[in-house]
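This structure is in structure tokens; I'll ask about it shortly.
Chain nomenclature is as follows: A, B, C, D, E and F, assigned in order of appearance, with residue numbering initiated at 1 for each chain independently.
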């Protein structure tokens, strides 16, 4: 049985993430959407929200579950019995950026990383862009799964409303 | 009539920006140098300075004007009647970095993004490098339009002068 | 008035080419689909077929016409009064491959090259792939405009049929 | 059960190919090393040699077998019940070159392509380089599996021996 | 006599840095490992530690010495009589990222930058990854020269221990 | 003493090649412009012409000489006592394309490859583009050293004229 881990900060989960997870679930026996608690970048959403939104998003995908990565990613992989990290990829610069991490993780524990090209329908979606768009008042409801918009907006525009940036 | 928007933080405007704007003005009916009020990266120069320096720099280029982007870039494009975003480009990694934004903007509003290769004479110029050089006491007067050096230096080395780093 | 030239061998014209031409026609006053008579690569289809298929494909797009490039591309641009070459682009490696030609053409005559990202719906389409698929018996009718399949098949599988692949 | 296909011309099979196949065999239930009969590039070795060398090379790897792709790759995948194409990857430009094919194959039949970074110990090995080195008299015995050198040399330097290029 | 400068923040020095410095010392008469006092990114280790660790690491490599870059890199090169900057490189995106700096430095003072591909045995090592791994409790002793681990750990996990990140 | 080899087919030598050779001659004690007798690609100019034009081009550059590579490049490096291969580089895709060769040559004999970014003034020049332009009647006299145009034209347009492509 092959378990694949899809790591990320999921800040928040997007339709791009779901594309990778859903397709991964057809290739591997189990997929773990692994929410990283990255200590250097400050996420917009608290961990609990990121996990809850991800759980709601994958609830209907058989063979997928959500977990939190408490420390080192390769330790997490060992703990959940994962043989492989699965990452979506947009382009060559993405790959060049990911490669040192993939080589490092393989060096540390032998865990493999495989890359899956993003589906053409979601290749424009990245969490950072989604947040930028939402921050400036753009519509993101067709970029994220149901439920995310509300949480994101509550965080970005907390008050009786405007903010006009 | 085709209006092109050249977005950026222009922190500060450089000869690299002017190259793109000037050549764009020959391809499109109007070019709007659009100063972004990016809410996540903290610019070195205040918005008023960035706008004033850009305005001085393009004053002699027919068909070019400066404006501030108050919110979402695609909303700004709609407001100024722009059909296209115009971006200078140095290399393939630049392109890979810009592509998701271009696809996102097209998804949001249909606005196109076209890329113009940087002129060979300015391909080494980027605002971040200009600031790095100036911060450490290097000469940048052949990298930026007239007037920028003074504003930049006043900001980087505010005191009765030297600083010798 | 800005005239844009879309050069290529169009061997054969694909929906990818049409995407660029159609969008270019909204940005520029006139678009010339320019069929190159490249002297080093041997095309599959004769020039007359490539031109006829391209003409049929753009017949319904206002502001677009087809022409043959008899010699140097920059001479052709001058002859048709074009200020700009327009090229579709998929990714960073594409850009790195195109850039020397863009710089060379600008060096030779001052003509600019602007790059337009391929639409997500056609980013998988390239003439060479279309020919590969068709050569091995795959369906390409949703990759090329109407009429191309017949000409392509007649060329690739000329006989009463089989062909020992 | 997930079957993965590793397509290539294997002209000849190298230690780089074996790295991908061997690691793929740990991730998927079965791996098919699929020797393409590419109709446009002329291989150095005849199909029978390429197949025989590949078969010898994978004989000791459980879950791996060799097959010939008679026509379209996606048809072959369907015939062997494969859900996924597996490709080794060196760098971002490789990825950018492979992506259109991956998208095309997914478009044609839904088959996925996943990419596995080449192991650092074989990242310098490519069939074309191996042939170049061998052609000029360099040693390639640590680049290919046992048995390949003899076949390659017999092909490149057929005569009573020298050739000294 | 050709002096080469290897600039970096060395936060901390890694086996990847040593690979470049060691190989550079065979190509040039003298190599200066130049510790930058970068004013925008906040290093993890104080300058004194970064210098001391680098000095210990290169103590046994003939022709290599350590120095601090007090201001502009090109001024430093002039002061130490260096003709060339030497940088290790992993991939194309790395190169695209480094190129503007190389061109800028050449523009400022004429100093050249040459790039040396990272050895395959260290291509997965970068200071930032080393810090990430160490921060989360992973082993990094085979990624850095002797002595670095202790200093790094003392900084990352200062207390009587726990911290559980 | 460090000897650097600049390999290429020099078909024909261009100002881009001379830029690399000239700058390399300031970094290394001797530079050998090494004309490859590549057995797979068919050059336009015969070896004798390629060598003669290169020799004329470097005649005035101290420390540079021309030689022919009779076989394997690493054997040639050993024979001329070269420690390093020197290659000009335009962009990241170039680098990704060159890297496997650099790693292979280092694997075969330990010879290093260092990369020098092309000067901005010649970044548009490549032998293949020069031939394309010349073939179609464009001017290339500012792309190649004196004497090359005549030889190139005699080869491309041998007759009392016609050909007019």
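Everything below uses one rule, namely that a contact is a pair of C-beta atoms (placed from the backbone, for glycine too) under 8 Å apart; a residue touches a chain by one contact, two chains touch by 3 or more.
On a predicted model such as this, the values are computed, not experimentally measured, just so you know.
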If you walk from chain to touching chain, how few steps can bring you from chain A to chain D? 1
Farthest chain from chain C by C-alpha centroid distance is chain E
Report same or different for the chain D and chain E interface, where same means the shared residue numbers exceed half of all residue numbers found there. same
With residue numbering as the guide, point to the option in A-E, B-F or A-D that repeats B-E in over half of the contact pairs. A-E
Separation of the C-alpha centres, chain E versus chain F, in whole Å, is 33
Inter-chain centre distance, chain B versus chain D - centres from mean C-alpha coordinates, in Å: 47
If I count partner chains per residue in chain E, which residues reach a count of at least 2? 91-94, 96, 99, 103, 120, 123-124
Chain C partner, complex, touching residues on chain F are 90-94, 96, 123-126, 129, 132-133, 135-139, 164-165
Across the complex, what residues on chain E touch chain D? 91-93, 120-121, 123-124
If you look only at chain D, which of its residues touch chain C in the complex? 37, 39-40, 70-75, 92-93, 96-97, 99-101, 103-104, 106-108
Would you pull the chain E residues touching chain F in the complex into a rising list? 2, 23, 26-28, 83-84, 89, 91-96, 99, 102-103, 112-117, 120
